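Each of the next two complexes has chain A plus one other chain: chain B in the first, chain C in the second.
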Partner chain A sequence: MLAACLLALLAFQSIADEEIGHKIPPGYVPDDARDEQGLWMEFEEAERKLNQSALLVRDADIVNYIAQITCRVAANYCDDFRVYVVRNPNFNASMTATGMMQVWTGLIVRAQSTDEIATVIAHEIAHYTRLHSLEGFRNLKGKMARGSFFDLTLLALTGVSVPVGQMTAMTSYLSFNRQQETEADLLGVRLLANAGYDPHASYRIWRKIIAEDEAAVAKSEEPGIFSNTHPASEDRANYLETWVMAGFGPPDAEFVPDEAFLAILNKHYLFLMEDQIDTNRFGRTQALLEHHAQIGVEPSLVRYFYGEMFRQRGYEGDAELAIAAYRHSIEGGAAPPEAYKNLGYLQLKAGDMEAARQRFREYLEIAPQASDRAMIEFYLEEEQ
Partner chain B sequence: MMNNRNLILLAMLAGIAGCTLPAYSLVSAGPYAIEDLQVQAGGGWNLSPAAFTPSARANAQTWTQDGPLLDRLVFIPGVPDGDALLNVNEQSAALPVFRKDMLPNEIEELMESTIVKVFGEGNAAVSTSNLRPQMFGDTRGVMFDMEAKVTDSPEYRGTVGAFVANEKLYLMYYLAAEPYYYGKHESAAKAVIESARLVAAAPE
Partner chain C sequence: MSFHKQDAQQPVRPLFFALLVSILLLGGCATTTNVHQIDRLESVGENPRIILMPPDIRYYLLTTGGVPEPNAEWTDAAQKNFDVAVRNFADQIGSDLTVVDKADLSRDEVRYEALHSAVGITLLENYFGMATLPGKGERFDWSLGPGVSSIGATYDADYALFAYYRDYQASGGRIAFAVLAAAAVGAAVPTGAEFGFASLVDLKTGDIVWFNKVDVGAGELRNPGGAAKVVDTLFKGIPTRAGAGITQ
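And then the complex of A and B:
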C-alpha cells in the first residue's frame, strides 16, 4: 500500500513538473487523419442517441446551472461544448473528443458546492483540450496491434497460444490511461483556479467519495466509482491536496454555504434522492443524507429521506427511527406529502389506527390529486 | 443482472456455438397454474424458456406475445419473507427483499427498486403510480402502474398486481415498450393479472 502511494506520488511529481497545457485551440475540428474523423463520427452518432434518451434531464434550471459552470471554466473553449445532464444516481461525468459532456445527477447529490461540481467539469474539459480520447484510442490500437503480432509470433515459433502480448498491451494501456487522468487533474485545477473557483474543491470532493465508499455495506464488491483506468481516490486526493497547497496556499477555514448550489439541490431533491433510494444501497444513502444535513439542504427534505431510508432498510428499530424522521420532517414545515402518507402507513403497521387515519387525511388534504387516493380511502373507510 | 443486452448476447453466443436454443411454448388458453397461483390465460401468450431468464426465481414464469424485449408478463409466486424477487446471489447487487409485514406502499417500492436492478442500476429511472386495492379471488391485494425510463431503449410501461398470502408474496407484472406494445396487449395482460388467485398447491 505504501509502495503504491509512493509510486503514485512519483508519477504525479513527474507529470506535475511538466507544464501541462492545451493541445488544441478553441473551435478545434479534426484534420485529415482518418482515425480521428472516424472517432468523431462515432461520437456524433452517440450524441444523436443521447439527445433522444429518456434519462436526459431537461429542466432548464439544472441544465443552465451546469452549462454556466462549464462556460466559466472553459473560457475561450465555451462554444466547443454541449452539456447533457443524465439521470443516473452514480458519481460520474464524461467528455468526448467532440465536446459532448455528460454530467450524471449522482455528481450533483455528492457535491458540497458549485466549486466541487466545477472541479469535475474542469477535469473533463482538460481531457478534451489534451486530446485524451484520440490519444487513448491510438495508444490502445498501437499496443494491441504489437501485442497481437507478438502472440502470433509466439504461436508460430512455439505452438503455444497464450495472449501474453495482448494482456501486456492492456496493462500498458491502463497505465497510460491513469497518466491521462493525472494530467487532467492537474490541468483541471489550473482551469478551476483561473475561473475563480476554489482549487481546494479538487481534493475535497474525493475525500467525500472515499467517506461514502467506506460507508457502503458491500464496498469491496460494489460497482461504480473506482476502476483500473483511474488513480485510486486516496492517491488522487493526496496528490491534489499536496499540489494545491503548494500552488495556492491553505484553504479558508470556514465552510461557506453555496446558495446557488443549494437552490438547485432543494428544488430537485425529491427526484434526485428517489433515484438514490431506488438503488437500495442504504449505507451510501445514509452517508449522502449526513452530508446534505451538514451543507444545509432543506431539513424537512433530508429528514423525509432519512425516514424513507430507515423504513425501507427495515433493520430492527428502523421503524421507530423512520417514524421520528417523518415527524421531524413534518415539523420542519416543508415536508413532501408522502411524509404524511408514509408516517400513516408506519402507524397503521404499529396498530395506531387513529394516528394513521389522521395522517392519511392530512395527506389527502395536501395532495387531493394523489394517484393512490383509492388506496388511502380504502384504509380510511376500512378502519372507521 | 440480466439486462436486455445480456439476453441478446446469450442468444447470439448460443447461435454461434451451434447450440439448439430452448424454444418458446404456447400457453393454452384457460386456467393455468404456477404452483399455487392460478390465472386465466388468454390466447396468444408464449412461455419463455427458463434459460432466457437466468435471474428469475426458479418457480417464476415469463410470458410474451411479441418477444420479451417488447412485452413480458411475469409471474412470481410464493416469495418467502427475506427473499428477493430475483435470483441473484451476488451481495453487490443489493437487491431489495420482501418482508412479510409489508404494506401496499412498501410492495410498490419493492417492485420499483427491483425493476431498477432488472434494467441495471444507473440505466433506468423507475416510477410507480395509481396504487389501488384489488381482490384476487378471496385475497385482498393491490394493483399499481409503473413507468421505466431506460438508457438506449424505448420507455417501458407496466401494470403490477400483488397480494400476500400465508406470509408469502405473489406478484404478477406486465411490462412493455411504449409506445405501441404496452397498449397492444394491455387489456389482455391486465385480464390475466386480475384473474390471479390462490389455489391449493398440487400434490408433489
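And then the complex of A and C:
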C-alpha cells in the first residue's frame, strides 16, 4: 500500500513538473488519419442514438445549468461541446473525442456545489483538449501488437503458451490510462480556476465520494470500488489537495453550498433521487440523504426519501421507520403528494383503515390529476 | 474518457464482445439459417408495402494485436452499396420498398432501430448460438412489441425490414502475424470476420415474422457487386406476396 502511494506520488510529481496544456485548438476537426476518422464515425453514431435516448434528461432547466458551467470552464472551446444529462444514478461523466459530453444524474446528487460539478466537467474537457481518446486507442493498438509478437516468440522459443505479452500490454495500457487521468485532473484544476470556480472543489468532491464508499462498505453492500485506470480516490484527493494548496493557497472561507446548485437540486429532487432509490443500495442512499440534509436540501423532500428507502428495504421495523419518515416529511410542509399516498399504503397494511383513508383523500386533494387516481378511489370505496 | 471508473457501471456490452470473440474464433463453421413465422406477405393494398429502416452497418480494420479499428471510409461505401443493392432486390421481388433516411428518423424510430440490433444479437446468442433459452426451446416468437405500429402508421406500410452487418478486415500486420504464427507454431490466428442479420417485422404486431443470419463469406459490401451478393444472401428466403420465398 505504501509502495503504491509512493509510486502514485512520484508519477504525479513527474507529470506536475511539466506544464500540461491543450493539444488541439478550439474548433478542432479530425485530420485525415484513418483511425481518427473511424473513431469520429463511431462517436457520431453513438451521439445520434443518445440524442433520442429515453434516458436523456430534456428538462431545459437542468440542461442549461450544466451547459452554462461547461461553457464557462471551456472558455474559447465552448462551441466544441454538446452536453447531455443522462439518467443514471451512478457517479460519473464522460467525454468523447468528438466533444459529446455526458453528465450522469448521479453526479448531480453527489456534488455539494456548482464548483464541484464544474471540477468534473473541467476534467472531461481536459481529456478532450489533450486528445486522450485517440491517444489511448493508438497506445492500446501498438501495445497489443507488440504483446502479440512477444507471446508468439515466447511460444516458438519455449513452447510455453501464456499470453504474457498481451497481459503486459493491457497492464501497461491501464497505466497509460492512469497517467491520462492524472493529466486531466491537473489541467482540469487550472481550467476550473481560470473560469473563477473554486479549485478546492477538485478534492472536496473526492472526499465526499470516499465517505459514501465507506458507508456502503460498512453496510457490506458491496466491496470497495476498485479502480484500475483511475488513481484510487484517496490518492486522487490527496494529490489534488497538495497541488491546489501549493498553487492557490488554502480556501478563503468555509465552504457553503451555492444557491444555484441548491435550487436545481430542490426543484428536481424527486426525479433525481428516484433512480438512486431504485438501486437498492441502502447504505449509499442513506449517506446521500444525510449529505442532502446537511447541505440544506428541503427537509420535507429528504425525509420523504428516507421513507422511500425504509419502505423498499423492508427489514424488520422498517415499516415503522418509513411511517415516521413520511409523517415527518408531511409535517415539514413541503412533502410531495406521494408521501401521503405511500404513508396511506403503509397504514393500510398495518390495519389502520381510518388513517389510511384519510391519507388517500389528502393525496387526491393535493394531486387530483394523479395517474393512479382510479386505483386510490378503488381503495377508498372498498374500505368503506 | 470517463471521470470515474466503477466496475459495475461501465457501459461495456459483454454479450456483444462474447459474440465477437466467438465469431472470431469459430467463424467458418456456421451456416446460413433463416426462420420465419409467415410464408407470404399480406397487405390491404395491391402490393405489400415495406419500408427499409436505415441498416446498421459497420466496417472495422482488425489491427495486428487484434484491436478492431472502426473505418469510416469503408463503412460509408458499404452503406451506399447496400442501399443500391436493396432497391434492386426489391424491384426483383416486386415489392413497394420505401427506404427511410437516417436523418428523418423520429425518436421512436431511432429507439426501434437500437432495439432491433439488441434483439437480433440476442437471437444470435440465445436462439442460434450456444446459450439457448430453456424456456423458449425451438419456438420462434420474437417480437419488437406492438408499439411498432406507430411506424406503420407514419409510413403507411405493412412491414419493416431491418438489417445489421459487421465486417472485420485484417490489416497487413494482422495477416503477417497470422502467417508467422501458423508457420512458427501452427497456431490459427483469426484474420477477420463478418456477420449480419436481417428481420422482417410485421408493423401491426411488431412480431419478427422472418429472420435470417449470415456469416463468413457472405460477401463484400465495399464494392457494388459484393453488396448485391450480400443482399441476396441476407434476404434469401424472405416471404413475398406470391408466397414462395426467393431462392437463389
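Here is the rule we go by: the second predicted complex is superposed on the first by the 372 of 384 C-alpha atoms of A that agree within 3 Å, B and C clash if a C-alpha of one lies under 4 Å from a C-alpha of the other, contacts with A are read in each partner's own complex, and residues count from 1 in each chain.
Note that in this section a residue touches a chain if its C-beta (ideal position, glycine included) is under 8 Å from a C-beta of that chain, and two chains touch if they have at least 3 such contacts.
In this text the structure is predicted, and so the values were computed from the model without any measurement.
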{"item": "Simultaneous placement of chain C and chain B on chain A, clash or fit", "value": "clash"}
{"item": "Superposition-derived comparison: chain B or chain C, residues of chain A touched", "value": "C"}
{"item": "Partner chain(s) touched by A:55 [first = chain B, second = chain C, both, neither]", "value": "first"}
{"item": "Touching partner for A:88 - first (chain B), second (chain C), both, neither", "value": "both"}
{"item": "Touched partner set for A:336, first chain B, second chain C, both or neither", "value": "neither"}
{"item": "First (chain B), second (chain C), both or neither touched by A:169", "value": "second"}
{"item": "Partner chain(s) touched by A:278 [first = chain B, second = chain C, both, neither]", "value": "first"}
{"item": "First (chain B), second (chain C), both or neither touched by A:312", "value": "first"}
{"item": "First, second, both or neither for A:120, with chain B first and chain C second", "value": "second"}
{"item": "Chain B versus chain C as contact partner of A:199, first or second or both or neither", "value": "neither"}
{"item": "Chain A residues contacted in one complex by chain B, in the other by chain C", "value": "49, 53-54, 88, 90, 222"}
{"item": "Chain B to chain A touching residues, read off their complex", "value": "90-92, 94-96, 99, 101, 103-106, 109, 112-113, 116-117, 121-127, 129-133, 142, 144, 149-152, 155"}
{"item": "Contact footprint of chain C on chain A as seen in their complex", "value": "34-35, 37-42, 48-49, 51-54, 88, 90-96, 107, 120, 123-124, 127-128, 132-133, 136-137, 140-149, 152, 155-156, 166, 169, 180, 184, 209, 222, 225-230"}
{"item": "List of chain C residues in touch with chain A within their complex", "value": "1-9, 58, 60-61, 63-67, 69-73, 75, 102, 105, 107, 110-111, 113-114, 173, 177, 180-181, 184-185, 187"}
{"item": "Residues of chain A touching chain B in the complex", "value": "49, 53-55, 87-90, 104, 106, 217-218, 221-224, 274-275, 277-281, 311-312, 314, 341-342, 345, 348-349, 371-372, 374-375, 378"}
